[in-house]
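Dumping the structure here so I can ask a few things about it.
A, B, C and D are the chain letters, set down in written order, and residue numbers restart from 1 in every chain.
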Amino acid sequence: MAQEKASHREKVSGVFAPIATPFDEQGNLLLDKLFSNIQKLNKSKLRGYLVLGTNGEFRSLSTKEQMEVLKTAVKAASPDKTIMAGTGAESTNVSIELCHLAAENGAHYGSLINPFFFAKQISDIALIKHFTQVAERSPIPVLLYNNPGVTNVTMSTAVIREVSSHPKIVGMKDSSPGNLSAYILNAKPGFSILAGSANFFFTALLMGGVGGVLSLADAYPDPCCKLYDLGVAGKLEEGRALQYELMRVNQMVSGKYGVAGVKASMDFAGFYGGPPRAPLPPMKPEDRTKLREDLIAIGFLKG
Amino acid sequence: MAQEKASHREKVSGVFAPIATPFDEQGNLLLDKLFSNIQKLNKSKLRGYLVLGTNGEFRSLSTKEQMEVLKTAVKAASPDKTIMAGTGAESTNVSIELCHLAAENGAHYGSLINPFFFAKQISDIALIKHFTQVAERSPIPVLLYNNPGVTNVTMSTAVIREVSSHPKIVGMKDSSPGNLSAYILNAKPGFSILAGSANFFFTALLMGGVGGVLSLADAYPDPCCKLYDLGVAGKLEEGRALQYELMRVNQMVSGKYGVAGVKASMDFAGFYGGPPRAPLPPMKPEDRTKLREDLIAIGFLKG
Amino acid sequence: MAQEKASHREKVSGVFAPIATPFDEQGNLLLDKLFSNIQKLNKSKLRGYLVLGTNGEFRSLSTKEQMEVLKTAVKAASPDKTIMAGTGAESTNVSIELCHLAAENGAHYGSLINPFFFAKQISDIALIKHFTQVAERSPIPVLLYNNPGVTNVTMSTAVIREVSSHPKIVGMKDSSPGNLSAYILNAKPGFSILAGSANFFFTALLMGGVGGVLSLADAYPDPCCKLYDLGVAGKLEEGRALQYELMRVNQMVSGKYGVAGVKASMDFAGFYGGPPRAPLPPMKPEDRTKLREDLIAIGFLKG
Amino acid sequence: MAQEKASHREKVSGVFAPIATPFDEQGNLLLDKLFSNIQKLNKSKLRGYLVLGTNGEFRSLSTKEQMEVLKTAVKAASPDKTIMAGTGAESTNVSIELCHLAAENGAHYGSLINPFFFAKQISDIALIKHFTQVAERSPIPVLLYNNPGVTNVTMSTAVIREVSSHPKIVGMKDSSPGNLSAYILNAKPGFSILAGSANFFFTALLMGGVGGVLSLADAYPDPCCKLYDLGVAGKLEEGRALQYELMRVNQMVSGKYGVAGVKASMDFAGFYGGPPRAPLPPMKPEDRTKLREDLIAIGFLKG
């Protein structure tokens, strides 16, 4: 592993919370709620925060709002936490611009979702060129972000094989089902791969992943950090049991209700979740009540 | 048909060019090229321009750049042309904000692509609410924009049935293959439906569509306007022949190469096309030569 | 147009009913019901019957049952009707075998759906080779059958361009939304293209299609034949009105409920429809009642 | 775990080879090659064989051919091997018929792919009813088979939750990427889940899967059986290393070339692979040479 990459590995290993962006019912940003949410999370063993990710509804914000969110998160975060910020746009030029803005506002790493609006015309070669150019012109190092659930594109292992040796492309967050091992197999040494979902966090760690960005950690950072420790220690039985418990919760919350569910679970756990921004619909009151009861029933939430 | 809608119908009937956004090789905006392109198009019988659409690579621009493009287009357009501007964002709030910016910069209509980042969680009800709220809070009327080729979502006829009666939702641009008649069937009287592709422009007109937004018109406005006249007049034989001719060209250009092809054909026709913005790749030189030769071979371009 | 193909054109032009296969509640074949259904249809101006198509649930039958169905249909059909039979299987060998069986049982044409089980590995070249080999070794001429709604594959225009000149591949049934004109544009002269849905039957005829295989004709052959006459005569206004009327019915019936809806509408119209074969679910009684009422309300069915 | 299910678990645990069906260049069945292939595999520690699966090209065979293949496989298999046979058809009736035929020809278990031709209309409820009815009327117990790569349908966890308690539905082969843990989480105790790909075999075992049906085992049964032992023993480091080695091979072979690749690798390893049945194309000679060299280069094949 190159010296340089090794220094990043420590900063991007462990559990990250993909910070939710708080809104009121009219869709106005609530920066004070964001601030207090992060202050609460600071007390956990989380390695850091991913601001402006999918669960942060980054594409639902104006650029100005994005930077207000980032600035607030950076201010609220304790200094030991690593801050990643979503800086991937549909063009190389705008992605570079966002990396600059994110760096100015205190992010340590940029997180680059692949451009997908013109997906059918973006070859692996074009994508490799894109990531490389952004990394080279960004003031901060970057991680790739693969999430076919929203982009309808699964990054190819050929792209990872190619860009994983770049000194400023330090890793990847993979939210796709079933590809993480293939990315690890194809990546160059030192490339840090993070699970993008609690559904496969434990197996990711067993197979060589270095951490996870888990929406579950927005409301429940402690069991996520515990599962990380079990994975790193290779404690199979205990880890498997906790993995299944967290998967069950994750399916109830994020799997069934997406961002709205994550935010509801934050409300239940003493954070401010609130509604997602329209047109993303909030949970129906009866679904919310049911979810709360279910979380209590499985002993994950106190009644 | 309501009085109000009737007044819009005239302004949105006919052929629109979805204005391409000119860049240099580094992806820098070339506003002067945009200005001169539109000045050339002003001489045609085009009904107007769609600025900041898919062929305008609107999602590859920053908001600031989008408004520079719009301002330039408005300044260049002759006063008889209708200006539509892409104002659809991933959230209701940001879409409203863009409608305001577009209005301030001179657009007559906003064009609302459906939010699709969280597609799986956006029900018809959420979409109807979104379009209605944007229309109500927008200073200018809007048209919907359906393009599953980029969004992976086909708007349902139920959405059209519901929103087509709204006084400020005056119509729809439909780029989906094979749904236009179903939208006409389900829309309320006075709702203006435009074909989003030359591939089905003639049949759209025969079935009750009022016009088209045709990338072919960026380089070849005149035959597009002629096909419109034939469709309106119901001249079956002549119209069919021209429809097939334009479809052949459209498949060679946009069908095969997308925005890069449209821009190349603009170069051939005396406009400035230039490269698309990365990561969208430019045409390979050999493909470009071949396309030029093919367009000459079928008599569409002078050698 | 080659002499040979011209002789086929007459036999495959006009309206075809895609014959539904009658079952009882346990999924047993009811050949007598099939017989009487066809005898009723014989009185119409239908050009012929497509036996063992998608609406015939051909993939839900054993090969033995398929041949019983075909034999019965052939026996019931009046001699002026053209009989097409679904003979497309997942392999070239089995497709050829089915063409032989169909010919022995009296079919005039085979209908070849594209193999799609291994879709990702079947290139255009492989598909062209497949269709050509089947046609060459089949005792009867064949038509292609394109239906991405069930196969998830849209045949490319390149395939049509290539195989449409083959003397024994006489045409195509296209059930895809929005591609029919492109197939006509790319096909060699004499290749007969049939619309696979009432949704685009009229425009198909206006653009050069020669007929349609319309599930609506299973229950309502007469208005389908009337629309054919209007299309052939180029009567725009009257044709458009009837097209929209039939589209409305088609969306209520086949669009919403698929084969189960087609069969229910047959029951309403005095044919035997019955339930589809499991696991395809029958219509719920309340949906069936509602559909009946809706068909009466729009004047398509007598109360 | 119910007594009955426990007795099955032993029979379906371990590694299964999804037996390839040998053809000559004209697509004729070569039953003697099948016989000798299985005799060679008998010497391995494989738990058994899946005959008439996806890699057996079951949908490319006539029913008569399917039964000849099964009969031959049963005759060739040593008595300690468990025989599963693909018996899933598009209808409940035909699936039951195939289960009967398979039982008569010596299969111990039926493997039920989900009906997918009418996928859009088959609800979870319809699917549950289908699997239950087939199981109840089948003379042999069945396993489900989930392979969205060919069916475009991912079985829902709700289906598994419901049918996994049925005494005659003893397990499931899951070839989908990333869902296996979720199926385990939702299945009733005693339901045996097998990985359908070497890509996730080791993690499947660590998370509670009981075995795998691995195309890699057609040519290389021994390392597959070794990985099974490592998984069962929970040997993390050694298992991970072998998992990655096998994944690399699997991606070269099956991942890149599908059935054609599996068959080529069988040829290399001393079995008869031969070409797949048309229209599935055989590997190009140059690709075949390259694959052979690559397998030698990574030490998986002797030069």
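To be clear about the criterion, a residue touches a chain if its C-beta (ideal position, glycine included) is under 8 Å from a C-beta of that chain, and two chains touch if they have at least 3 such contacts.
Bear in mind the structure is a predicted one, so any value in this text is a computation, not a measurement.
What's the overlap between the neighbours of chain C and those of chain D?
Common contact partners of chain C and chain D, which must touch each of the two, are absent.
Roughly how far is chain B from chain D, centre to centre by C-alpha average, rounded to an integer in Å?
49
Calculate how many whole Å lie between the centre of chain A and the centre of chain B, each centre taken as the average of the chain's C-alpha atoms.
35
For chain A, write out the residues touching at least two other chains, lowest number first.
In chain A, no residue touches at least two other chains, as defined above.
Once the touch criterion is applied, which pairs of chains come out as touching?
Chain-chain contacts present: A-B, A-D, B-C, C-D.
Could you please specify the touching residues of chain D with respect to chain A in the complex?
Those in contact with chain A are residues 157, 176-179, 181-182, 184-185, 199-200, 203, 206-208, 234, 236, 240, 243-244, 247-248, 251.
Residues of chain A touching chain B in their complex?
For this pair, the touching residues of chain A are 27-28, 54, 57, 59-63, 89-94, 97, 115, 117-123, 125-127, 129-130, 133, 149-150, 152, 257-260, 277-281.
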